[in-house]
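Written below as structure tokens is the structure these notes are about.
Going by the order they are written in, the chains are A, B, C, D, E and F; count residues from 1 in each one.
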Amino acid sequence: MSNHPIGVVVRNIARPPRAAIESLAQFGVATVHEAMGRTGLCKPYLRPIYPGAQLCGPAVTVLLQPGDNWMLHVAAEQLQDGDVVVAACTTDCDDGFFGELLATSFRARGARGLVIDGGVRDVRELTGMAFPAFSRAINARGTVKATLGSVNVPVVCAGAVVHPGDVVIADDDGVVVVPAAAAERTAAAAQARTDSEVEKRARLAAGELGLDMYKMRESLAQAGLTYID
Amino acid sequence: MSNHPIGVVVRNIARPPRAAIESLAQFGVATVHEAMGRTGLCKPYLRPIYPGAQLCGPAVTVLLQPGDNWMLHVAAEQLQDGDVVVAACTTDCDDGFFGELLATSFRARGARGLVIDGGVRDVRELTGMAFPAFSRAINARGTVKATLGSVNVPVVCAGAVVHPGDVVIADDDGVVVVPAAAAERTAAAAQARTDSEVEKRARLAAGELGLDMYKMRESLAQAGLTYID
Amino acid sequence: MSNHPIGVVVRNIARPPRAAIESLAQFGVATVHEAMGRTGLCKPYLRPIYPGAQLCGPAVTVLLQPGDNWMLHVAAEQLQDGDVVVAACTTDCDDGFFGELLATSFRARGARGLVIDGGVRDVRELTGMAFPAFSRAINARGTVKATLGSVNVPVVCAGAVVHPGDVVIADDDGVVVVPAAAAERTAAAAQARTDSEVEKRARLAAGELGLDMYKMRESLAQAGLTYID
Amino acid sequence: MSNHPIGVVVRNIARPPRAAIESLAQFGVATVHEAMGRTGLCKPYLRPIYPGAQLCGPAVTVLLQPGDNWMLHVAAEQLQDGDVVVAACTTDCDDGFFGELLATSFRARGARGLVIDGGVRDVRELTGMAFPAFSRAINARGTVKATLGSVNVPVVCAGAVVHPGDVVIADDDGVVVVPAAAAERTAAAAQARTDSEVEKRARLAAGELGLDMYKMRESLAQAGLTYID
Amino acid sequence: MSNHPIGVVVRNIARPPRAAIESLAQFGVATVHEAMGRTGLCKPYLRPIYPGAQLCGPAVTVLLQPGDNWMLHVAAEQLQDGDVVVAACTTDCDDGFFGELLATSFRARGARGLVIDGGVRDVRELTGMAFPAFSRAINARGTVKATLGSVNVPVVCAGAVVHPGDVVIADDDGVVVVPAAAAERTAAAAQARTDSEVEKRARLAAGELGLDMYKMRESLAQAGLTYID
Amino acid sequence: MSNHPIGVVVRNIARPPRAAIESLAQFGVATVHEAMGRTGLCKPYLRPIYPGAQLCGPAVTVLLQPGDNWMLHVAAEQLQDGDVVVAACTTDCDDGFFGELLATSFRARGARGLVIDGGVRDVRELTGMAFPAFSRAINARGTVKATLGSVNVPVVCAGAVVHPGDVVIADDDGVVVVPAAAAERTAAAAQARTDSEVEKRARLAAGELGLDMYKMRESLAQAGLTYID
């Protein structure tokens, strides 16, 4: 989202209640996305840097300039325990904005992990630290510290709008963003969806067809589906 | 921007004053982008369907579902004279959501053109109609009318946030979005930039170097630039 | 379609009646695609090498090997007046398999044009000759003549199955393939569709909404569409 | 392959003898591809959702519409023990058509795994179930059930034609399709190739050069290869 | 080519004799590429910003940093009449490094045109000026002037090595680079190739087959090509 | 780098002293890249075929033709103990040029691993052998042996120039190329960088901010960074 101010750091951002975040942390990305009415996903090119990486927490947002990671250093000061750094860039860039030293700093300041619409390096070390990071690329290419971006302004990260304090959940399926105000009701909806799937799973595992369980046969016939032997 | 309501049409949207739009219409996309502090651009994969296509007007936004152009028909009713339709999709999709019949309808309802993060077809007819369209693909593939999206909610179109009523300017260089509230000051800044370029252009055309005109030699030397014979 | 024989040239292929081809030649790619029940399209990465290129004719198919245009020379002998050469490759390859000399030869042997899931060169000369070509790339990179492919076997070209003698139609919107046996009924369906659009176009041009003309309001309401002021 | 019927389910498809399938299951994808004369491969963008995933079985084919997984539910009813579901889409689409509940159902109905020219989600759960899936994307994005496709018609999946009952083999190297009628002779050719490699492997491991073992020196010299010291 | 010095401007570069450049300027990119033994091409993603753009001249090379066009201003001072600016970037970047003001300056200093492995903007104005530019993108996105690159060091531009003073030829088919030392013999080889095509073109236009003219039938038969009726 | 001779094998290449290679082998790709002044990287699309793959050694370079792996067999004869094969292609090609038999041969002749701007197959077997390979694709697609390339000429591999004997280092972060003449000083610079990071890491882990440690606050303020509460 390029139409937001450049050169600004917003210091005091609101974060959802810890309980709401912990509630959301129980669910996977696909479940939360469905619980939001199939909204909130980042594009699927964001991938975990190691299988099994996962995170959930309120977003500290960063707007980077291409080939420049200065604002990640600025963001470190704004971190609180449990935060997730969400970094967008003013233009598509795969450079390695983030590595082991920044991860060390972020972790020391309380960060749970990183979502970045850019590249990451030192993946072996990050994996060893179990520092969850979701990125568009793995790239050893280094960056400079020369041009201002912003911290804690709304950003578009991999196609999703992220406001500071929104809850970000990421796992092997991708990254989803829950607006802070929707955190509690999304957690409730995710729980309801999860509950409803228990019985469905058992019935499907027993061999019942979705065609019958979801009562699809009539609508399929109405749509004109034809069976041929 | 997936975290916005699905199944909603907002009827009454605010549009900037006509004068502000006309002011902006005098400038190219690159100039407006610079006048906004290098923000507001859609990603460069949006391209005009014919060379020289251009448009400027307030956005009527549409959120499409993949392979489904139902909401474009819904949007037609919301158009006013001079509007630009800006269509995003809940997921990346190159299908041909838009063609000559919809263009005929949109034009009859006052639309100036289309920006779509999806595909367009009937490009020969659209070119013949001089209907400016900017799209991510040209694709004859047809769509269905089965699943709800929304009209006049904020959308992310090719990486840029677009609110209904934002001013959208597009030409051969791409597409830029000016928030409604910033329309007038952006036009003023664009004018200032354009004015300042007149003298620069003349000096450069006369052979003066940017190195001298922009007084770059000292900062280059400080940065360590070395000349070798 | 890789599971077809390599090293084979089929000499006698059936072509649809000339009348069926001429009927299809009146319609655009989007119309024909819809007339076939929204099937038959090549992927939209195939693009004309110049605006306005178009062709219609029965396919002489070619299966190329990467970086090798030997089979295009073999195919020239199999051409009859009005044919379209449809060239697929056993693997994705953007090399410039085709240029002005081959176009000269193909035209002399009766070919109407070329569809190739590969690269083309000499585009200036081809444009000057008005030789319609649709390709995945423009690329000066040359090829060798060392490895066998096939001529007139079924191929998968840009995602569409093409059998020898199928009718291929291409224009600015892309490329569509009509099975030989379906040529006549597809032309009839395209004509019906075109006829039906005349009245629709007039009504839309007069300002009538698709919402009303297509009677969408009830199904939109049933789907839950909500209007907000 | 878009030029196949939409809205059709073929119930009784022929499957190759179990013995032929078991014979093929012993070989890797690269070996089978070579045994077929270097044909039959899907494009390499299909990747296993976890390292080491593999499958072999007759195809139950599915033609999906973009953003719509209705036909996967329809396909479940057509599964027999040992089948592999091969899902194509009428247009390129990375949405998450398939997840853990469908995998539970497919497995209960006998499916060995899935090959899909689309996205998959719940990859952690699928990995935990050891359900082999090969897909073009991992994507939490959900789908609807609104538009008909087909089951058990020929499809083009990632560039390869797949007929119902063809044998599909997939492993870390990709996905290959063996026409049902060619299953036995392909298994025999794969065995011959595997046998012939035993001696070659031993000789190469002992330091013999392929240049000598394959007697390449003369043809290299004839082609003009020049050695420079 | 990243392994070259950063922060350096080489002032005195050797350029080939004007006659050699004029000789090369008569030939198209495809012909020159073949005359060099099928070498020297940039990747085909470099495209002219308008159809028919063409250029030929010795390269003044520029190594840019992502999102930063400082070095283009530095390069202007090094231009001599007839030069072509060839700009590479230390990392993939589609930003709009170049526009109308720089073109005005470059032209005033003698430049014939630009080849850039990056983005260009103001394409309407550049087209109006008939300033030939070949780029990987058209993008209104602006750049900064903050980080040093180099001028007149060897670079890798779109996959091709370019040394300062190499002759660069570009047209609708792409971009080719001729090492300065090879300019004369390449022009001679291109002339020979062009001469030899005159007779071939006439024979092909008269309907003679390449199969006969190039005497391919025997080698095709030896390779095992089979004709089926 | 296409402008190098085709059809040539250079037999006697200079390799850096073993000690220099062993020094470099202690460092990761990102560190070496920084130690070279942020140069020397291959593009990040080259990825290890299994997590944790790594290699370091002098390059034996190969220039392949598309779909043709003949030159890899030629290269085997030129290997010495500790070498790394670096294979480029004259055009973009994802075919599976390399598999288990070639790996067996290369290992027997002393090779440490492979970097290839192309595809690799038999990844399960290569992983089992712990044969480190870095490639642009995994692809079962086989190749032919019909067209000459070269061995031990300079090549452009994934955007980086590689001369025979250059030291190639690869790990999970990518691939970096160190000119032979720079091997020793690069190792020294990498050691200095690594040493300097020890203290930084400790300070960051203790919660000190990079803003303070790197003394960035003043330059940020000068650039105009604004803090908002």
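Convention: contacts are C-beta pairs under 8 Å (C-beta built on N, C-alpha and C of every residue); 3 or more make two chains touch, one makes a residue touch a chain.
Nothing here was measured: the structure is a model prediction, and the numbers come from that model.
Both subunit E and subunit F are touched by A, C. Touching subunit A and subunit E together: B, F. Pairs C-D and D-F differ in how many C-beta pairs touch across them, and the larger number is found at D-F.
Per-chain CA centroids place subunit D at a distance of 41 Å from subunit E.
One inter-chain figure worth recording: subunit B and subunit E are separated by 31 Å, centre to centre, where each centre is the mean of the chain's CA atoms. Contact with two or more other chains is made by residues 38, 41, 90, 92, 94, 141, 147 of subunit F.
Viewed as a network of touching protein chains, the structure does not reduce to a path, ring, star or complete graph.
Under the touch rule stated earlier, the contacting chain pairs are A-B, A-D, A-E, A-F, B-C, B-D, B-E, C-D, C-E, C-F, D-F, E-F. Residue ranges of subunit E in contact with subunit C, taken from their complex: 28-30, 33-34, 38, 41, 44, 47, 51-52, 171-174, 176, 197, 200-201, 204-207, 209-211, 214, 216, 220, 223-229. For subunit C in complex with subunit F, the residues that touch the partner chain are 65-68, 90-95, 141, 144, 146-147. Listing the residues of subunit A that touch subunit B in their complex gives 1-6, 36-41, 43, 90, 92, 154, 156, 159-161, 177-179, 182.
On the side of subunit B, the complex with subunit C involves touching residues 7-12, 50, 70, 73-74, 76-77, 94, 96, 99-102, 104-105, 107-109, 119, 121-124, 137-142, 145, 147-148.
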